[in-house]
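Take a look at the structures listed below.
You will see chain A twice below: alongside chain B first, and alongside chain C after that.
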Partner chain A sequence: MQKKRDALPDRGAVLGCLAAFAVLAMLGGVLNPYLISLLTIVFLFTFIGQSWSIMLGLGGQLSIGHALFVGIGAYSVAVLNIRYGLSPWFGLVVGMALAATIGATLAWLSFRFEVRGIYFALLTIAAAEFSRVVFSGWEFVGGMQGLFFPAQSGPNSFWMLRGDARFYYFVSLAAVLLGVSATALIRLSFLGYVWRAMRDDEDASRALGVRTFLHKILVVSFSGAWAAIGGGLLALVQGSVFPDSIMGMGISVDILVGPIVGGLGTAFGPLIGTLITLPLDHLASAIGNKFGIPGLNNVGYGLALIAAVWLLPDGIWPAIVNSAKSITRLSWFGNLQMEQVKK
Partner chain B sequence: MLTLWGNVLASGILMGLVYGIIALGLTIIFGVIRIVNFAHGAMVVFGLYVGYCAGAWWGIPTIVAAVGAGALLFVFGYGLETLVVKRFVTRPHHIQFILFIGISLVLSGAQLIAFGPDPRPSVSHLSFETIAVGPIRLDLARLQAATVAAVMILALAGFLKYSTFGRFIRAAADNRLGGLMVGLPIPKIYATTFGIGAACAGGAGALISPLFDAQPFLAVDFTLLAFVTVIVGGLGSFVGALVGGLTIGLTEAFAALLFAPSLKSALSYGLLMIVLIVRPRGFFGAKET
Partner chain C sequence: MTDLLELDGVSRRFGGLLAVDNVSFRLKGEGITALVGPNGAGKTTCFNLIAGALPPTQGSIRFGGEIISGFPAEDICRLGIGRTFQVVRPMRDMTVLENVMIGAFSWTRKVSEARDAAREALDMVGLGPKAEAGISRLTLPDRKMLETAKALSTRPRLLLLDEVMAGLRPPEAAAVVAVLRRLAERGLSILLVEHVMRIVMEAAEHVIVLHHGAKIAEGTPRYIVSHPEVVAGYLGEAFRA
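Presenting the complex of A and B:
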């Protein structure tokens, strides 16, 4: 059983995965503009959620301030594009480098004194808030007024990453597909094994020769660089960046709700979870607005979150897999599910 | 000039004591139950609304409202722990995080439904009155808040140190399994501890109601403030929460004087970064967290 789990996903799993993405791609041609833009945001948060999921699911490090990396990526793209007219691709690369450096620095600062677990998580949120406050007061990057991309005109351009809503739908869908593949590949690579060993028992893996200090820094900075790409794309889709809406605590929460509710450590958890939680949040807001009761949405969404962690402790995707397995007896479903994080 | 500095110093210490009691609530819950209460800010705002209502509707003085808010939040916290939080004590941190984000959203949403999004300014006359102590003028609302906070801190310290149940709580914080083995009522201890933590937040919220306009969106700010305070002081440490509170209170006061009032939170975070570089577990942080 243990052996089978670590094998490469078999043909059925890969085909099922590709079929799901083909359906999503076809939906991009027929859905109405509202659903297109909603799904685009869902995909981008899935993509960022995958980076968060790598950090906790493989590396064992909990971040509740991932908006820090998202914001770094978003601002890199926005500043280089708006102030200097450079292609967003440069911004994405610069954002990745910056986020990786910042992530490594933060990890180095805390791990060198053996700061672990929830303490590290609190430090990530403090770092995110610190940078939000700094960016709010920094005139060069727009301060509280934020930065705006020029209105889109002309045809879709892959080089300038500018286009209509459908263009961004396909770009973000491609990002998610890339994220799913990268997660699966990293998990089975050398780094994946090292990180998982470190996650399950840090002291034991160190005794076996894993340089845990180095690898913890590596996983944080890798995850940060990944999240920065998502942040850069998010900035382009939204057409503007504000410190509060791209680096705020709300973004950090939105990022990790999807993967956790969907099922941490699973290939499809982030996608399924975000597909449910983000539209649910929008729906709750719409209902709250319809009845003219502000706050109704918070209560509804909050209760949904409590219910999710109460009733589905392992997440939605494992629950789906288990029931699908018992109904259809299809064994390949199991390959899509990874081990659970116990910490 | 010296008087000005004295005034700022005094107001920093007074606010610091209030921040201290908020952080104390967070740190005692963590120290005993090993849970970080991410809904702490929402509980502070809960107390803030109790203080506002008591003043605006019934004309009750802030001190009485603070006692009432503390009692109310104690019952709320006790019930919440018994009904919900208990089931999540052994779950991973990220699951607990989602749970408390959910609780925080429900609380803030309920406040929004009840009072709307507009800030509710205090009707208390206290914030305009000052008394002179030598050359220093103290603003009465702050002085009252700090005095009650100091009394609460002393009472809590005495309770934990000398009462039988306080010993139980400390024993449970020290060694949960050992406590179970010698027959400590762990469920009751946990529920009471959570109630005390919530009562600290609620009482402090009511105390500062003459100083802050009640608004649901303040919850995030107060949660972050409590986090910064406990990280500076050291998570899970009683003394650390107080020292952290005073440090943050003084930093904010002097930041407002020397730079700009809007920069005060930036300076608190800056201080946090320095602490992080020098002493990542905070002033009084335990070795294992």
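Presenting the complex of A and C:
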């Protein structure tokens, strides 16, 4: 009994998760086009944020250049689809493989020469910026002019991953569900334990037999491949890829806000955090435009981050879980007293 | 039969300081051996050399007949040497049980198997009832035993314990000695770094004395306390105090 309870996520948590996704799926049928497209972007950034959150929240490796992997995924889908007419599914697989390889190489080079922590983070920025510059000058992938997907015509096609806004809403919602499940499963597997140990104390975990060098490469590579899927989907949703927008620093920064606010390394943190911060960002920039104060959205982002770090340093999701736990404990205690009264 | 652990002319230099100076000794497959000496004698450095946290500058270390000097810490752990740290290093975010499971993941990838092994290791050191607790709830003696349980869960043949009894009150230390005896009876070889000579006399069958990085004596506890050089360099002050 005990074993079952620790080995599987709580039944209540699984049901709650499915209920939340059912609600989001139903919303997909009724919301207006603006909210559909806003939530689609929220979901894609959640999905990419989940990959970043696994790498830092579990593996302890900070990346501020995740746009590198996002861009690799986006360009793989775009080039194979636009130039060769191949299904984006191929592009996603190729993008994953490329991003995994690039991530592994970057991590290997870095950790081989003891470049760690904040220096590794700087290296990820350099790698992302380097590839952005390379892609900007590379004619084959469209250079600065970018690449455009042909306009959508005809029915939604799952095979070609082409469809209307609602189609992409459901595709990206499915991606988030996949990301939540993958995060939860990793946390429960030996990788989750070993990665957390490595994050907390690298030398102590090595003394316990953890091959930290391999695991650091693995987590970067895995996170890169995951982010590349998100990048591929993002390219399809936007209908175009440009080096500055898909590989720029902006992407690298945008994806990390949600997970930090929501709760690093947790299954739901990135979703909750992105659901709050990204619409806030849109709202703030709408208000800013109205009153002629450009940049208000960045102030909003900054304030949200400061508030989150100040009030809920572990993120929103862990705070929710903890208060839920104390409520159940209280109600359990209440029942106990009731029973005693009955007797 | 080859010895379990064999140090041959091992030295470690930090810049101008020779922390471990040409140390040689052998450990048999079982029993408790103590590595003693005053502060700065090179005991912990010696440990770090065996456990692979540092490579030796000179000399060779063999485990079960195979050279292990220069291997990374994780490989040495996987070969069967478990270690604790002098300053306890629990993973704060995890429960007691989860902390111990990490060691078990050196030989299994199955979470349920690791959990069973971790419970077993916790029972062995008497921490079983606190398995589900968070680290912050543990007392200092508990933390020391947690370190030992973590090392045990890697299923070592040789256990290196770095001052697991430092800072403990005498009854607590006696309880730890009883645990170590039980482990030794199960066929584990234990090498402990210890400061307090009284504990060493009680626990160890064999004592190695380091002074200024060099081995100055080796033998039974009874022999060591009568050794003139040891009395002059180390015990003298301690016993007078």
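The rule is simple: the second predicted complex is superposed on the first by the 312 of 343 C-alpha atoms of A that agree within 3 Å, B and C clash if a C-alpha of one lies under 4 Å from a C-alpha of the other, contacts with A are read in each partner's own complex, and residues count from 1 in each chain.
Please note the rule applied: a residue touches a chain if its C-beta (ideal position, glycine included) is under 8 Å from a C-beta of that chain, and two chains touch if they have at least 3 such contacts.
Keep in mind the model is a prediction, meaning the values are calculated, not measured.
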Quiz item: Since both structures carry chain A, what do chain B and chain C do when superposed there: clash or fit?
Solution: fit
Quiz item: In the superposed arrangement, which partner chain does A:L208 touch: chain B (first), chain C (second), both, or neither?
Solution: second
Exercise. Could you tell me if A:I186 is touching chain B, chain C, both of them or neither one (first, second, both, neither)?
Key: neither
Exercise. Please tell me which partner, chain B or chain C, touches more residues of chain A.
Key: B
Quiz item: In the superposed arrangement, does A:I293 touch chain B (first), chain C (second), both or neither?
Solution: first
Quiz item: Is A:I125 contacted by the first partner chain B, the second partner chain C, both or neither?
Solution: first
Exercise. Have a look at where A:L86 lands relative to chain B and chain C in the superposition and call it first, second, both or neither.
Key: neither
Quiz item: After the two structures are laid over each other on chain A, how near do the C-alpha atoms of chain B and chain C get, in Å?
Solution: 14
Quiz prompt | Those residues of chain A which chain B touches in one complex and chain C touches in the other | solution = none
Quiz item: Which of the residues in chain A come into contact with chain C in the complex?
Solution: 3, 6-7, 188-190, 193-194, 196-197, 200-201, 203-213
Quiz prompt | Residues on chain C engaged by chain A in the complex (per definition of touch) | solution = 51, 53, 72-74, 77-78, 83, 85, 89, 91-94, 98, 101-103, 105-112, 114-115, 150-151, 153-154
Quiz prompt | For the chain A and chain B complex, residues of the former touching the latter | solution = 56, 62, 64, 109-110, 113, 115-119, 121-123, 125-127, 129-130, 133-134, 137, 249, 253, 256-257, 260-261, 264, 293-306, 308-310, 313, 341-343
Quiz item: chain A touches which residues of chain B in the complex?
Solution: 36, 84, 87-88, 91-95, 97-99, 101-114, 116-117, 216, 220, 224, 227-228, 230-231, 235, 262-263, 265-266, 269-270, 272-273, 276-277, 279-281, 285, 289
